[in-house]
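One structure below.
Note that the chains take the letters A, B, C, D, E, F and G in the order they are written out, and that residue 1 is the start of every chain.
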Amino acid sequence: MTLSTYIDYVILPILGVALLLVLVRIFKGPTIVDRVIALDLLITIGVGVITVFSISTQKSTFIDVAMILALIAFLGTIAFSYYLEKRGRK
Amino acid sequence: MELLLVILLGVLYAAGIFMLLRRSMVKLLIGLILLGNGANLMIFLAGGITRGKPPVIDDAAKLFTDIYADPIPQALILTAIVISFGLQAFAIVLLKRVYVLINSDDLDDLNTPEEEDI
Amino acid sequence: MVKQFLMNLLLAFTWVALTGVLSYSNFLFGFAVGFLLLWLMNRNESDHRYFTRVPKIIGFFLYFLYEMIRANIQVAYDVITPKFFMKPGIVKYPMNAKSDFEINLLSTVISLTPGTLILDVSEDRKVLYIHVMYLRDKDQFIQQIKDGFERRLLEIIR
Amino acid sequence: MIDNTLIFPVIVHLFTAIVQLFFWRKTVAQRIVSITGSLIAMLLATRLFTAVWNDGIRTMQAAGWDAPFGITFVADVFSSTMVLLTSFSGLAVSIYSATGVARGRMLYGYFPIFHFLLMGLNGAFLSGDIFNLYVWFEVIIIASFVLMTLGGRKAQIEGAVKYMAMNILASTFFLTGIGILYGITGTLNMADLSLKIAALENRKLVDLTASFFIIGFGIKSAVFPLYFWLPSSYHTPPSAVAAVFGGLLTKVGIYALFRVFTLIFIPDDFLATLLVILAIFTILTGTFGAVIKNNIRRVFSYLIVCHIGFMLGGLGMYSEIALTGALLYLFHDIMVKTNIFLIAGLIRKLRGTMNMDKLGGLYAEYPLLSLVMALVLFSLVGVPPLSGFWPKIYLFEAGFMDGQYALVAAIIVGSFATLYVIAKLWAKVFWKDQPDAPDGETPADEFKPLNPFRKSLLVVPIVFLAAITLYIGLAAENVAAVAKHIAHEMKDISPYIEAVLGPNVSP
Amino acid sequence: MIDILIGTLCTIGAVAILIAAIGILRMPDFYLRLSVTVKAATLGGGLLLLSAAFYFPEEVSVTTKAVAIIFFLTLTAPVAAHLIGRTAYFIGTEKWKGTIRDDLAGMYDKETHQLGSGDNEGDNISHPSS
Amino acid sequence: MLFAVLAGFIVSILYIPFGRFLKGKLAGLAALLPISLFAYFVSFIPAVSDGQRVTFHQPWVPSLGINFDFHLDGLSLLFSLLITGIGSLVFLYAAPYLRGHRYLDRFYAYLSLFMAAMLGVVLADNVLLLFIFWELTSISSFFLIGFNNDNAASRKSSLIALGVTGGGGFLLMAGLVLMGHLSGSYSIQAMVETNEYLKNHVLYGLILLLVFAGAFTKSAQFPFHFWLPGAMKAPTPISAYLHSATMVKAGVYLLARLYPVLGGTDYWTYPLIIIGGITMLYSAFHSIFRTDLKGILAYSTISALGILVFLIGIGTPQSLLAASVFILVHALYKASLFLITGVIDHETGTRDITQLAGLRKVLFPLAIAGLLAALSSAGLPFTFGFIGKDLVYEATLHTDGVMPIILTALAVVTNIFLLYAGLLAGLKPFTGQLPDRYQRIHLPSLLMWAPPLLLALLGIAFGAFPAIADASLLNPAASAMINKPIDTPLKIWHGFNLVLLLSGLTLALGAFLYLMRKPSASGLDWIERFNNLSPKHVISQLTHYVRHFAIRYTRTLHNGLLRVYLLRIVVFATLLLAFRLFAGGNIYLLPGYLTPLSVYEIAVVCILIAAIYLTVTSSSRLTVVVATSVIGYGMCLLFVFYSAPDLAMTQFTIDTLTVVLFVLVLFRLPPFLNFANRGARIRDWVVAATFGAIITLIGIQVLNQSFDDAVSKFYGDNAYILAKGKNVVNVILVDFRGMDTLFEIVVLSIAAIGVFSLLKLKLKASEKE
Amino acid sequence: MKSTILNTASSYLLPILLLFSIFILLRGHYHPGGGFVGGLIASIAFVLHSFTHGTDDTLKLLRIHPGVLIPVGLGLAVLSMFAPVLIGDPVMTGLWFDEPFPVIGLIGSALFFDIGVYIVVVGVVLTILFTISQYSE
């Protein structure tokens, strides 16, 4: 078994399952902050998915995408905090 | 995979349309965003999809040595994404103005009677 | 100390240039060789800190890794087993760290180790509020952090 | 013929806008730059039109990539005429805006956006690439959103929301259509598309793709039952803006319909019939709306819808005569619709309202102005021999030729309604004495306090456009020749394709 | 050989991420979910990136990027967690019933959201704010 | 000849700058125009009576076949002379009549315009040219009728007049275009040549319908006649001009002109006879109940028009000759009576026939004129009217079958009423005792009393010496109608025959009626009880219903609810696409080529669909935002899997920014309210799902179609070699298709400026526009 | 939003993100990236800064109003597009230096165009976001 198939048939499915689990949390909530952190986790998992995908396809190009995701993902979380905090203070 | 994506395409359009038909302006905007995603996916699919072969020539090469994904739909979608961002940004701010004006985002309230025309 | 660090970097780059192999492992090797040379050549007692700090940093890093893996396993166990063993609580932790940078680094480190999470820093920057997953005893926990991360960290920074 | 300068009418507006952005909040400079830019644009457009009229189709391959690989710009008679008319409208509105638009709006970018809009219009007319056309459409709609909401009062914002929602929806249909078009042909160049679509065996796909364009452009050109945004919004923005909207914005949809459905898709029987039916309903809907409204601009808005039907009907009949009629109507309509909204604006300046019941006495007070306005209004009606008359001859003839009696009847109804509402408007606004304001406060006369120069800035554009309208009416032969030429080119697209793709490809 | 190393790193990383995912699903309250996910995910992501760095040894830029991403995740994840965590506290997100202590209770100024250090106060026993 | 026609236009334009100089005493100078034109047309009499035809050609819009083609024959000449002749008198008359009126210059401008338009109508050889002038008469009469524009009734009348004549005009235009289209030329003379083809064409009926619609509305035929009495709101000189010689005669002229093209068939004859007959009887009857002088004249005019239509319908040489005679007769006496009425109105301030009496004592020349005109209209022997009436009876008697009896009876009854009306208008005001209040009235200026007198005298002159006009004018006119030479001298005396008997009967009964019946308000009241049945009322009811329908239609369609608009658009799109999809041809149900599936891709698609579901169903704004960004991230992953890193990056960054934007804006928005009821939601779901399903199917069709990837290959092959870049997408964006990118950043810039001004700009209250 | 930790973090994230954005911009012609994404990342850097320090502080940091960047960027893009016209080529024809530069590779008008795009995107995004946040405050 090559690394590529290992990733395709083991690692990526694991990550896929992880994505689905997180999605369940987004559905369940119950509060908005739960959804926000789930979203954040989703993106982090996305970084992982893209990384291993680039190994599987042997295209380092995709790492660039992962880098962008990692760099700015937290901005969303910060924006939500900003908003919720402001709303809470109102 | 195409079948799955083409179903996703239908779902995106259907959801977009459904959201367009709501009374809330926020939902309207979301609907437009969904439709925009749908249109992008349509372009993406229509051009044919190729897994894991980005249209980037290897550092060492001057030409593609392998097959590669069609770059045109990507360029088109990129343009479309950026354009929709501009429109969305404006639309979202318009939503803000609407809210300031009528104190709600209920689209049914957007009817100044004709008598108030200048 | 900055001077020595820069010197070390220069040596590492020179090594890379000399060998003509542009890769990380080669750079790291060059850095290590440079560090060794500088350490050997250093006879100035007052300027000794650079050579103690580098091992300390490595030590801290290993400690952090150890803590992280240990705690991760602990949490993983708790997550995948049906029963919860947690005793969560929010603890007020009086810091020794003063500067923004110190506070920041400390909180990053604490947050990244499983089981603890910084919720906030007080306005006067005296205390951290830490969410703890396995809180048995408050004072013991505070002491553990103080002796563990905070001391090691401040040693490196100050 | 390759002509790298054909893009100049686009560029000049782009430059004008950028220069004005550097003069942010310097309104005097902006006004001067705007009028200068519009003048230059008019000269360039005239030059382009003459060149194309005399020497045939001109093309420009952006960045020197041969079609179909790069983006092609094409100036044929159709597009260069549209550019020319746009430049007339643009100049008029530009001059009018110098006094007609509130200073507050100028401080917040009215002029640059206006020029971006004109740039977008010219770009759309000149583009020979379907996706590039989409980009131009987006430039146009975003600019129109901004102009519509600029300094927005409640009604304006409300109108803008509806306008925006439906126009973005239209863009989505357009974009989807482009995606499919690429997916079945692999090209975006319109001339190339023409060849590839003609050669495609799966006609069902072609028809489906065409439907997306019908819906997208149908919304943009306010065709029944897709027109709702227009009467919801066109009565709200400042008159100068409404003038550009009324004169040009829906027409760019019509332009696109004509371009795409003569060059790329040729309507089959079903589509032709559908277009005719839609045209009939469009006319009737516009008619019903126009006869019951009391605000000048609301009336005009519905008249726009009504008259869109005329042009759509011409496309539906698809004979050379019908296309000639529709095109002639298009040319007339651009000039007149721009002008009537300017007139509405001027009336508002004079009387502070656009409600016909509250207006009056203009005929007594401003006889000459009334005369000019009457000329324009009756041109709109199509009183012979004014401009609106000539196209109807072609349309009637085409209708009879094609056996489209219902369409002819609808055009008669639409024309009659136009006559009726304009006559009513004339009686109420010009003849009737100015009624006393019920609550004792007479609306401000914003015209009288102006100095003569600024007054002339409001009046000159109206006269200018009226003169062009008069020319279209009295020198109908020349204009009809242009329309005929275009109609001929629409039926025989090989010159266009040869100009773009070179002489060796024939359809 | 290197493949086995990479495979191992990948596996650990993926499992860590899976645990984070299970954690966010299973944990009984927001703070616990936050606590679990931040590090597990960072650890997992970091390991996966590390394996990429090993996989493309001849491409310096990939290694650089991988390191940069790890660095970034490490820097930003705690910050984001801290912000959303305190926000959750402001808006009164419920704590698990098993929570045994809450030093934060009553420390925030309701109006300004200023957080006191509470030096003058005694330890207060936790009570879920609702 | 072009100049002759255009002179009026030129003069009316010259009134704009110079009009103010002609407002005062010099106003009468305006009459120079019609007088010289009259002289000009008189000069053609010899030639035309010799059977010559004068033509003129000047290209205008040759591509449409519309040129300045003028054609002067007997018919045109008769009308031209009437137009310019009576025009001259009216121009002269108006100067004192409207002395000091602030819009006197505009009046003359309109009048000149109108006269020119009328000349154009009668001289044009090209039907479309004719139509152009035809519409100009409608428009200029609109301005003339509404001349007293501060009067609401006046405005309303002019609107109604324009509405009726303009509406008919558009139908006429269609008819004329159809004629031209079928016969291949718009020239009337050419159409005369091809008249058999036209008459036998399937669309002949339609042509007639459309042409009649134009003619009937213009010539005030039942049931479109009602605009004409209303048009009496115009100043009297205008009424005199419009209703005696010009405007209303245009319809008659058109029928006469087109007789050789379309006439002579049953489809032509019967409608004209019926409508003309109804019109003449109906309005003659109505005229006797009027008490307003102008009202009487209006209805009698309509009746006269009915007679003319009737005669043209009969279409025998006699009837056509009768028509031409009657045109002239009627013009003369009716113009005279109108002008007299004008003076009376001007001097006494009333036109109420019950108030007027004995005016002969103060307005003697007018009394003479009135008497003569009344006699002429009554058709007393030795008046021109007598000849006219004779010819009418002659014509009705010479029809076929049972028609003579019916038609003649109709004509007799009509003439009795008309006679009564003529006497009422011409005689009644001058006979009897002069009321005290009118004692101090003086004869107005010569220009006001001479024209009516002259016209009345002419009526007598032509009657006494019919030879003046018959060969020179009337025979040529009739011959132009039937398109062959006629030479029937008009005779004063036909001998004792049935016609004479009928004339006598008419006279006797008419005179009897005049002596027996006094006009009174009660009569008017009586007839007005039938108003509900009158065409005017019926049409105004109809208009009312149409208006109501329009209101309901517009309100229903344009109900202000954006979601309803969008729903309609979507339903339309769905139907269109569904039709295209399912009509004919086979549908693919699976994509033509499938790339293999993998678990994680399924997971991503599942996530996308679930997030879409959450977006649609969630009731919390923030959840919706979160879900929407999940969709964005899902798309981003798809883009990664399918080789679009640039897209993934852009999608992700933009998605993040959109979230930030939403979050900044949602601040303070209230929670969603679930407004829609269950039914609406289900409906929307069905619509949306159908649309989505169709899109899916379309997607599948597209995936089954392969395409030529030459362009894409070109980019791949040349990205580095020619454009010096290795990221082909980027190369496309900044080079191959750089224009797109340039203008896409323009879009962004505009959006930014828009946002800036949308939020910052607050207009001052004074800055409305 | 007041947070010591975020405050500190954002002050070192800002330069890192900006550096990164320039990196993405310059390599666009050879690798994924380019003016758009670069510009977006740069704006995100400033947005992040504004979240903690407040919009006014960020504006002070920028020294000019971001709106000014719009005409500047547009001008640059348009000029790079128009430079070829001056030597008689069609609009947008690529002009190139003959020798490649390190890191960036060949430098041509396309790069200046991309820089124009970058500047415009920064100007646009910041104008939009700052306007909104000032409006809400």
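The working rule: a residue touches a chain if its C-beta (ideal position, glycine included) is under 8 Å from a C-beta of that chain, and two chains touch if they have at least 3 such contacts.
These figures come from a predicted structure and were not determined experimentally.
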Just to be sure I understand the contacts, which chains border both chain C and chain B? G
Does D-G or C-E have more contacting C-beta pairs? C-E
Please indicate the chain closest to the centre of the assembly, with centres calculated from CA atoms only. D
On a CA-centroid basis, which chain has its centre farthest from chain F's? C
Cα centre of chain C to Cα centre of chain D, whole Å, reads 68
Between chain B and chain D, the Cα-mean centres are separated in Å by 27
At what distance in angstrom does the C-alpha mean of chain E lie from that of chain D? 57
Measuring from the mean C-alpha position of chain B to the mean C-alpha position of chain G, what distance in angstrom results? 24
Of all residues in chain A, which are in touch with two or more distinct other chains? 15, 17, 19, 36, 53, 61-62, 64-65, 68, 71-73, 75, 78-82, 85-87
Two or more other chains touching the same residue: where does that happen in chain B? 20, 28, 38, 42, 44-46, 51-54, 56, 59, 72, 78-79, 82-83, 86-87, 89-90, 93-94, 96-97, 107, 110-111, 118
Which chain D residues reach two or more other chains? 14, 21, 62-63, 131, 135, 138, 142, 145-146, 149, 152, 161-162, 165, 169, 176, 180, 182-184, 188, 348
Strictly by the criterion at the top, what is the full list of touching chain pairs? A-B, A-E, A-F, A-G, B-D, B-F, B-G, C-E, C-G, D-F, D-G, E-G, F-G
Flag every residue of chain E that touches chain A in the complex, lowest number first. 3, 6-7, 10-11, 13-15, 17-18, 20-22, 24-25, 30, 33-34, 37, 41-42, 44-45, 48-49, 51-52, 55-56, 59, 61-62, 65-66, 68-69, 72-73, 76-77, 79-81, 83-84, 86-88, 90-91, 93, 111-113
Using the touch definition up top, name the residues of chain A that touch chain G in the complex. 61, 64-65, 68, 71-72, 75, 78-79, 81-82, 85-86
Considering the complex alone, what residue numbers of chain C touch chain G? 100-101, 103-104, 107, 118, 120-121, 125
Residue numbers on chain C that touch chain E, as the complex places them: 22-25, 68, 71-72, 75-76, 79-80, 84, 86-92, 94, 107-108, 111-124, 126-127, 129, 131, 133, 135, 138
Chain B residues touching chain D in their complex are 20, 25, 28, 32, 35-36, 38-39, 42-48, 72-73, 76, 79-80, 83, 86-87, 90-91, 94, 97-98, 101-102, 107, 110-112, 114, 116-118
